[in-house]
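Chain lettering (A, B and C) follows the sequence in which the chains are written, and residue indices restart at 1 in each chain.
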């Protein structure tokens, strides 16, 4: 069941994208999200799409994973597509039936918005598929470091995040085990009226919380014994390395932005 | 030979305000010398895990004191003392902090502010010592229980501690995992003369030690060589432990009328006795 | 109630790039009323197998017969509750399944799910708490106030309360001290004898398999590779080693004694008592010959 989840999963590899520094990838994706909004006509949207597909190609990620990443937002895509088709007025009439009229502009807008969704989902998926969660955490920690000056506990947040990531598989296994144990005792999570089903979650949640707290306690003890007492005076084992290729990636994006700006209507 | 750690009349209760409650640890004394391996045995609830917590300052005794390298353990030297003691706990999953094997081994080094280059050397060295170098970049959920415990040992070794404490570190492992961990510890003793305290209810593990401390109801019931402790015989069973295989068998053999010189702790001794008493005539 | 596996294969995450096959054409029958041990190295597929015994997993191919119910690949299975009531599973570290406010309620959880009347369920709980070796006072306590060993016993009572005909034990003594281990194993053996429960013990422990089981099935890399009575299985050390297993200590010791005597004993002994008697007999014979 849970092992089928693809979204947010990391696929190890050695493509040029995999090798980029997480910081450059994070900056790249956030800048890209802004740049996407520059596009406003056929030429610029076509450029965006081509640019994205080129990056997919370089990342050597199978389309399967990207398409799967689309699934959760597919409904949203179709929904906004339809809204634009029916609601946008302007340009030539393409279709008319009773009170429903579809205009050329509506179709164009619908396609534009869907493309926007597509490139955004592809780009963020490429980030998570090519960067291990822990590298993303490292990247975020370093990028947010300046916030320490205004007393944001950046180190603690990053540590929390990396420990959560570390425990996700453990807790997923645990959930599966407890669920099976309760099913073996006749608990039924998949049928019956909704009230019954909500009740059936209690035997799952209580043991899960109990065990999560027990783990947290054990972990805290283990960390204390191993000398953890906050971020002060700590050194870092995980080092990030900014290469020429990272600079190049960001320059490429800047060039793309300039071109988009030039061709937008 | 110098003293690494000692307990002096240590008494601890989890509920000191309740007068009639039994002390979890009651007036316990012992000392471990450099290079020794001491096993602390006892049934679950005998106070042996509380002792572990007292040794590294997770708990402080109400009476008596814990000395580390001759100095009483207190709030001021707590962190310094902890860096001298590596500790491996029971549940392999709940002590793995890092995202990968090498990150986990580096955790204590980071906490102690060791510079990066030094960390890299020490992580590699520690992983080599537990024979896990091929797993540097593995994530914890892809490791077996025994492998995780070996990583935990490496994490402790990286700090070059004076003492390694195993708090029921093998009790959740399968037979192969248990063997891996014990072999690792034995190899480390041979290689760097590591001082070890292992808290366990596994008698085979206790037999590997130089000295055994037998806990019951928070008190030290007996202390001695493994052979001395195991010759307590049925008393062990009465207090929730088991008898060594060879001891059980020698007793049964004598009951069956097989002449033997005595009751034995190790299989080897029993086989030798069988040979001398019955065949070598 | 027999349990029969026919050509059972199972793959996790089927149909995704993460697909991982865990079982390959597993084929065996567990006859009603027997005590079976399933042994294998970690990763041999034994925990996947055990989830097929009460349809927690459905085979990817092949079929599982549980009494007269058939759970087959590709077919929708309805009313699995009836199957699950008959086959109780004590999972590894079963204390992790406790959740109720009191021990009593937790033990009653299973029976109530299977439609047993409240009074009857309570009656069962009161009897069982005694059977698993706990005082009646614990019934009103929160399970989370008990010691680890006591929690284990409560969880076991919770499975027994369903009154299953088959009981599957997955490393039921892991983490217990020697006394706790022996008490739990002896209790299950007694239940097996007294109530004719079919018992399936999934374990790493060759010692427990040797002491309690009528028959042993060995799993290796997702296949059942060997099956037989303990004294047959443990005779062949080489084959066992090829499955990354070792015969129990007692058998290894017997081999040492045989080397010493320079001849094999008349049978493979599975308990210390048996071996002591056998050695004594052999020695007496030897002396008589001289």
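In this text, a residue touches a chain if its C-beta (ideal position, glycine included) is under 8 Å from a C-beta of that chain, and two chains touch if they have at least 3 such contacts.
Remember, it's a predicted structure, so these values are computed and weren't measured experimentally.
**Q** Return the chain pair with more inter-chain C-beta contacts, choosing between A-B and A-C.
**A** Counting C-beta pairs in contact, A-B comes out ahead.
**Q** With centres defined as the mean of C-alpha atoms, identify the chain lying farthest from chain B.
**A** A
**Q** Between chain B and chain C, what is the separation of their C-alpha centroids in Å?
**A** That gives a centre separation of 30 Å.
**Q** So how far apart, in whole Å, are chain A and chain C when each is placed at the average of its C-alpha atoms?
**A** 43
**Q** Could you list the positions in chain A whose residues touch two or more of the other chains?
**A** none
**Q** Could you tell me which residues belong to chain B and also touch two or more other chains?
**A** Counting only residues that touch two or more other chains, chain B contributes none.
**Q** Across the complex, what residues on chain C touch chain B?
**A** 41-42, 147-149, 174-180, 182, 204-205, 244, 249-250, 253, 256-257, 260-261, 272-273, 275-277, 279-280, 283-284
**Q** Can you tell me which positions in chain B touch chain C when the two form their complex?
**A** Per the stated touch rule, the residues are 43-45, 90, 144-145, 171-172, 174-177, 201, 203, 237, 240-242, 245, 248-249, 252-253, 255-258, 267, 271, 274-275, 278-279.
**Q** Mind listing the chain A positions that touch chain C in their complex?
**A** Touching chain C from chain A are residues 3-4, 6, 62, 64-65, 174, 177-178, 180-188, 202-203, 206-207, 210-211.
**Q** Could you please specify the touching residues of chain A with respect to chain B in the complex?
**A** The contact residues of chain A facing chain B are 132-134, 162-163, 165-166, 169-170, 173, 214-215, 218-219, 221-229, 233-239.
**Q** Flag every residue of chain B that touches chain A in the complex, lowest number first.
**A** Residue list for chain B touching chain A: 56, 58, 79, 82-83, 85, 87, 89, 91, 93-100, 102-103, 106-116, 119-120, 123, 139-141, 155-156, 159.
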